[in-house]
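Note that the chains take the letters A, B, C and D in the order they are written out, and that residue 1 is the start of every chain.
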């Protein structure tokens, strides 16, 4: 979510070339939040998004639906039309409509429109309109929350950096739950609710994640022995993601990611932020300021105010 | 809870100006715990609070209520009247009654009185008297536990400092559970217990927090696939708060909050509390005493024996 | 369990003064594990303990009980008599019988005997014989596991050191679950299973610890809103113990507990284990060996006795 | 799974001595992945493994089984025969067939064959064919994932290093759950679902691991008090593995495993991996290569094959 996109979103949102005055104005209002009009537009947009989500939620409550069903449907169509118009407007006033349409936000904006239209043919799906909430991700840009998410950007970057570690972990977990699920299917069998291997896997996941719904539970002694082992080991296994994340936050908390201090001479890593010379070959290290420029925005939360 | 209030509570508890002797005595007894009378008063107060809470708890047990209902009601009224008198007394003997009434403790003291009176009109609410337990927060002051909570004060301050990180996290979680809840509502539908989107969201929260009551569970294959994904990802997601808190405690455990020691000359961070000069540019650092007043009493637990 | 006993266990196990040869031999066999006889005795003891526990477990299984009930009862009495003899023997051959009887192990040894005898009068209690497993704590001494538990000794010491932090946390948690339990009792009421405040508190604990049995669950909308909030906040709350423990292990992992390196000149703390001079005043620090000697006796709780 | 095999697996995979050209070719194709043929063979193998697992999973779904049962059985036999041929081929073309047969992979390969054959005599067991997924561990070798798992190799080594800590922890947990399970069996009794001590232990495990299925729950007041205590303490207890793992990852994150760098002269610890001289006495440290060689083969379980 926070990985730097190859092409800065700004890049996707340039005004149309030699725009007619109205297109430039439109661009400024829709895509920028620095003019009063632009800011107003964004706030109205957020209000509409929240309102439309609320409408869908209320509509799903039987009692409310029975009383105000017609009104809610009307509102839903109103919001959908409004968002459709907005989407077209965005396409019109950017220089590279396709590039916008292919950008993360462009896709979200489009997907957020479809449910209502689809619901015409496939009733019931319209509840999916809640996907519109994803549009709130805009809030981060609107409210200039850039700094707010930088820390998570760091976390995201760190997780991307250790994606191999996570990949291996996930493969391992999936392998384990599949085998355990199969085992329980064989041991407990359909008569105890383990009607198929997929169900067994589903059970294994609820168990290893310590969710433990209890809709399916082992009844036989052997099954309970296996389950007990799974729980004890599973806990240890799931300590791994916590460990990875904790380590990242600890590294951030200490205001340093040692891997960013590499000696240009001998490529040795892990130099303390305060080090000025390479422990290894004595070559001078890139100055702390360099690190600071990275670390500074990365720890806004750490410097209250 | 631990954020330093703009106005020190002490400030809210000055004796009345030119008080009649009785008001000053009263103030000393009620608000201070350094005289024998004051200490006695506080201990009696704690006893009364615990007793009144116990009464309410016992009264809620059907068997006890049937046998001793009348007695318990009488006791409850006795305690309520006692606390009312105490509250009025507090108002009388402080210099700024309004300021006390608006202080955290003043509000708690008042709220702790209302349930009994309200219960006269709205029966059943009187159980809320347990809110009186909040008054036990006084214990920290009474038993001079200030030092005891300083560590949590540090934690609290750190969490406040990273409030934006937490805000972003909560917004993200709420967005996810709403969308997942909607998805399950669409996939599983009312016939499987997902009677409305709010119910779906409630289920999504029980699942992502790994509580997993199991009162509502997916029955369809697709629903179980989605649930399984949620559990695996949810675990990773909820590793985040643990990570944040662990990082804070680790920072405390290492006896330093690096971000608070910044060199004013070169802005380098992460200096040890005991350091007196910048590791980097040799400029003198803000003295340890400054840090000590905050950190020193804050780490009694760190100096065993 | 980890509180240091005022008197070193060794003190409780001195042979009787001017003992007859047989008493000294007996002491050597029973209390020491360095002679072949002593070692043998200890191993037999462990075997008997495990055997008697197994007997009780088997006896609790209806099918086994019906078939071998008589045999199991006989065995149980055999073990109990054997342990009784052993207990008396211990009393006989130590110099201070009372001191042994009052030591942690003495009490465990006694308690481990009672269930069978009590069961004569109060049937059913004999299952409690499993408390004999506590006697296995002896294993640590027998198998010279001292070193094995040193790390936990460090953890234990750290937790003891931050007992106030933990106390405050527990008080806070108990206050919260009581109030939340009361709230749910008022909101949901007996008709939804919250038959009394204690039951509500029990539910609040299952929820905040993310155990979530699901035997009692909120049915009303308001109840579910409150529960959802509890779960989200509860998770954060329970991240605290994890954070404390993680911080301790991290400190250990980094091979240093900064508080043990204090400059005798200026009392500055947090010196690295490898540091030889005070960062602050340049005075020589106590050598690293000093730290090692600290680590050893630091495990009073781990040597029960 | 991570225990270092006495003999490096590589040793188990030498081509037959003075092999006929066909045997050497076969060896290159089957055991190596550097030739086009070898790579192709491996990919086909992975495809077959996944396919056969899928077949078993599908076969377990009643609806699918009824429609395509015969086909799936046929496919299963096809895969089994194919894997049998492959297994024989492996035996034929390695220099030390027995050594291969005794290697971790050899055993997995064999075990993966048995279920189908066994199922002829003991129907139902054939679902265990999913154990074939274990063969996917080969993926790590095939896709040259060595580097991917090194981090877990470090973790694994660290956990092996603290195996005593973990052993003590497990013994402690098992002791606690046994005693608590017994206690609940005595307090709640069969009429509340605690039909035997083993069942009580099973319940205690589900509770302490916060899985909380809810298939068995305390009904009596005393039972609920005990359960509540267990949950609160259990949470703290299970914070231990998380703490251990978090500490390991934090140590890795900070780019050093201090305990493995000890100065042979002054026994000081905590040297950075990149350090070449003792911070303390200036003596040269064992070279980083030494550390590397430790890190690499120390993860045999991690790079199967």
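Criterion: a contact is a pair of C-beta atoms (placed from the backbone, for glycine too) under 8 Å apart; a residue touches a chain by one contact, two chains touch by 3 or more.
Quick caveat, the model's predicted, so the values are computed rather than measured.
A.B. asks: Counting contact pairs by residue number and requiring over half to coincide, which of C-D, A-C or B-D is equivalent to A-D?
C.D. replies: Within C-D, A-C or B-D, the interface duplicating A-D belongs to C-D.
A.B. asks: So what's the Cα centroid distance for subunit A and subunit B, whole Å?
C.D. replies: 30
A.B. asks: On a C-alpha centroid basis, what's the spacing between subunit B and subunit D, in Å?
C.D. replies: About 43 Å, centre to centre.
A.B. asks: Which residues belonging to subunit A are in contact with no fewer than two other chains?
C.D. replies: Counting only residues that touch two or more other chains, subunit A contributes 198, 210-214, 242, 244, 246, 248, 250.
A.B. asks: Can the chain contact pattern be summarised as a line, a ring, a star, a complete graph, or none of these (other)?
C.D. replies: complete
A.B. asks: Quick one: in the complex, what on subunit D touches subunit C?
C.D. replies: Per the touch definition, subunit D meets subunit C at residues 162, 164-165, 167-169, 171, 175, 178-179, 182-183, 185-186, 189-190, 195-198, 207, 210-214, 217, 221, 224-225, 227-228, 231-232, 234-236, 239-240, 242-244, 246-248, 250-251, 254, 258-259, 266-271, 279-280.
A.B. asks: Residue numbers of subunit A touching subunit B in their complex, please.
C.D. replies: Within the complex, subunit A touches subunit B at residues 53, 56-57, 60-62, 124-125, 127-128, 130-131, 133-134, 136, 139-140, 145, 147-149, 151-152, 155, 170, 173, 198-199, 201-202, 205-206, 209-215, 238, 241-242, 244-246, 248-250, 252-256, 273-274, 276, 288-289, 292, 295-296, 299-304.
A.B. asks: Which bits of subunit C are touching subunit A when the two form their complex?
C.D. replies: Result: residues 210, 212-214, 242, 246, 250 of subunit C touch subunit A.
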